[in-house]
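One chain, chain A, appears in both complexes that follow, with chain B as partner in the first and chain C in the second.
Right, the complex of A and B next:
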């Protein structure tokens, strides 16, 4: 288990729903990559089932969902779908334009953190690294 | 006017002759030029220029507005004669919601209307095929002619300029034309612009508007330009967009260069179709982002205008003076707005708007200060319009044409921006034109690099953003507005109304019209756009029409991911 510390975090950065604005998701993906994480990046408009399938296939620790055009209310559905697929250990973060009242809805559904415009680079990297360790510690296969 | 363009004018007589020529054009545009005075009682002339016999570069580089190099503006009277169009982009909920909101906006000073459809429409999907939470949050659900008719209830569509955020293949325009027909408004009275018609820009940045493949969109674009020139002669079928690229991270010079390179691509495509540059070029319009980098933006617009006027003549041989007019709409940049201390965004929008106005725009959208939380809600949208009215009536920005012209700084910067923009155009030419440069990912990578570069400046604090990386204030005391989400029951009614529409239409007629459209798409010699209008009239929804075209012409996807 000493090896665990040297295995880089695996993060899926994607967008669900109809929105295509990807400046933010690309920048965040580059932040995480440059911090030494393994980043899986997709084109926008993913369906929830595709995100779950990809998360399973790529064995990710964290999923980052970018939302700039109101699509984030689909995220609670994603949380349920991950649980249903036995991927409840995966931590999910959301970044983009999320109003305060809806942030509460997302956090309640199990989202670990919502990042807003102006979020600090070091903070994003730290939080994702920490969440990846949490995910690793909670994996069903140990 | 053309005589003046080419003459070398450096003596007193010619400068004065040019001024007289301008004055005639100015007076023709301004019916009653009443004396304008400032608060100190001083008379303000509409235009200032160097005395004859001085500044020999003036005639070549600046000249008088409405002719020659066009640097100072595309019309002799600019905002002194007629102020810019206040074109607030709105779209929400159901067609009834849009109609209610647009009537209020027109009452409060808006002078044109602009329709933003729901994101599902941008993706070419009807309301009955989308998860309902995604519907009507960013724009209006418009799938059918009936929806368009409700959007425009009580609006005199033959008398107001209409902007449609209607990406290729322009299904909303087809709906508008069918509504006009039903109301007895002839198509030559329909004026306005197909916004988001620059399909190339959608493959570069933003990724909201894909419906067809790059090559499929190219085909339909040319069909539409050709068909509209014959049937809807006062419609602008193309708005070349610099906004997406700049919002995605391109620098202002890069954004202007890429936009002009796209316009060159479209013009070359039209020419290859055998269309006449003197006719199609005067229908080209542009749409830009205007950032808070005030002087840089003013210089960007002045340089772009000068390059376009020259390019139209030198590259495309157009002699029609109207084709040289670089008509543009600008939207204040949402990227500059901050979530922290959101009321500060009102100040940012005012400065951005000033840059656009002094840069000589024709039409303006000012962002609501809450755009960083949501699509603008009603209160912030009103502040955005008031900002335009304040600049227009209180700040005196319309009194003088090109008031920054002649400033050492602004003229130097305009020349420098011009050189940067020309370098971008050259780079794209070397790639074989914009179409190829986007297909290969060259443009996407260049923009991604610029975005990363800017972000690094923010991250390191080299670029200060008030409230974000400097002057932070934890308790900024401002309530963050909540998003205007439509009521699910209200959205369900829209889905039901679509089902009812489909049930009552003549299905055989719809099927036949879609089949004609399919055959048109398969045959290079047919015009898809005429067939698309016919299918719309027959009752086909936008989703059905786009599905047929996607089958035959391919589905668009981002070309480069990272």
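Right, the complex of A and C next:
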């Protein structure tokens, strides 16, 4: 329809586990907002099952997990939980302090991309936009 | 992002069964105005009318989300299932949004009886997004007993909410300077229930009395509007609020009639026309629109005459936008 604008990507930006350092997640949320995306933002300290419930209710395309104190090691569990809830189409990225050998573990568990300190704003935005399109194309029910 | 739906009837059926994933997906389709949306809305029509739709509005910072959170807890205590539509503003520049209303409702995230959806206003004025009414319908069809609509905190002219909600709750707070002034002109008229939140603060009683005094000046033939004090954080007064909502909802269900529904539809259509016209004017590269703009700039055309010409132009070549 000629008069319909494009649909904004929907992204959940959150933190799991016990790490409360949320400066990074706030900055990324603002980057994505300023790139025209709709960002669902939560407080830190989310449980895995809460992230799954949030992603389901909000019908997001991408989940961004910020981790600065080893909680990224919970992400493989999140990947399994998303799959189990029928949300395997959702793309997950991780940003923060992630050692190289553990990055490999995350990628192997299905994480699409890991961003490290100093990551470029334009790169983050481009990757999230692309992943959102991928997610949309892979939805089980359209 | 063009999303096509492979199996719309099945999605609608799953929604009517109350499946949260289907509800979530259907909301996205309706919000994005996809071709599948109309099929879903048609399929759910026989399943509408179960839910009571309660609107919460008021100026920014009065505690709308916190009060909604406490009200959800009260409804759950009363055995009701709940759907929440929480609207936050989109940037008029980029279209982006940070949706944070549900931060205050985190205690309900894992409760299957509570489904919360954040919507961005996507350019709609009046405190709700254009599709909020339809999203409320989807939650109704999914079997939610109470659907809560929380508007953007713009403080005035939330007449949109008045058109959609069965029960309209207007929230205020003490110590906000002229906020009683702010609500009296625009939205006092639409309130079924007035709430002064943050009742633990010193000026709460005074604000309550000001509101009551203001109501006393109204036409006496109009229905009475209760003024309640709540303290959402400490969870006081919320039982009274739930009772008051139930009382209004009982009255509304009795006088529900078709003309009200038709009026609402007409209003939503008018909104959609305005939105379509706006998109057309802002995005059109045609000579016709440019000439109208120039005419207004050079004071040869009035704004209203220009608008009339745009609408005529829309009828003729509306597909070039």
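In the analysis below, the second predicted complex is superposed on the first by the 137 of 142 C-alpha atoms of A that agree within 3 Å, B and C clash if a C-alpha of one lies under 4 Å from a C-alpha of the other, contacts with A are read in each partner's own complex, and residues count from 1 in each chain.
Here is the rule we go by: a residue touches a chain if its C-beta (ideal position, glycine included) is under 8 Å from a C-beta of that chain, and two chains touch if they have at least 3 such contacts.
Computed from a prediction, not measured in an experiment: that's the story for all the values here.
Applying the stated contact rule after C-alpha superposition, one finds that A:86 touches chain C and leaves chain B untouched.
When the two structures are aligned on the shared chain, A:30 is found in touch with chain B and with chain C. Set against each other, chain B and chain C touch different numbers of residues in chain A, with C touching more. Contacts of A:139 after superposition on the shared chain: chain C is touched, whereas chain B is not.
Once the two complexes are laid over each other on the shared chain, residue contacts for A:42 go to chain B and to chain C alike. When both complexes are overlaid on chain A, the residue A:126 reaches neither chain B nor chain C. In the superposed model, A:57 lies in contact with chain C only, and not with chain B.
In the three-chain superposition model, chain A touches both chain B and chain C at residues 29-30, 41-43.
Residues 1, 3-8, 10-11, 20-22, 24-25, 27-29, 32-33, 36, 90-91, 94-100, 102-103, 106, 109-110, 115-118, 120, 122, 276, 279-280, 318-321 of chain C are the ones that touch chain A when the two sit in their complex. On the side of chain A, the complex with chain B involves touching residues 17-23, 26-27, 29-30, 41-45, 69-71, 73-74, 97, 99-102, 116-118, 120-121.
Those residues of chain A that touch chain C in the shared complex are 1-10, 29-30, 32-43, 47, 49-50, 53-54, 56-59, 85-87, 132-133, 136, 139, 141-142.
Those residues of chain B that touch chain A in the shared complex are 119-120, 122-123, 130-131, 133-134, 137-138, 205-210, 247-249, 335, 338-340, 372-375, 448, 451-452, 455, 459, 465, 467-469, 480-483, 485, 557-558, 561-562.
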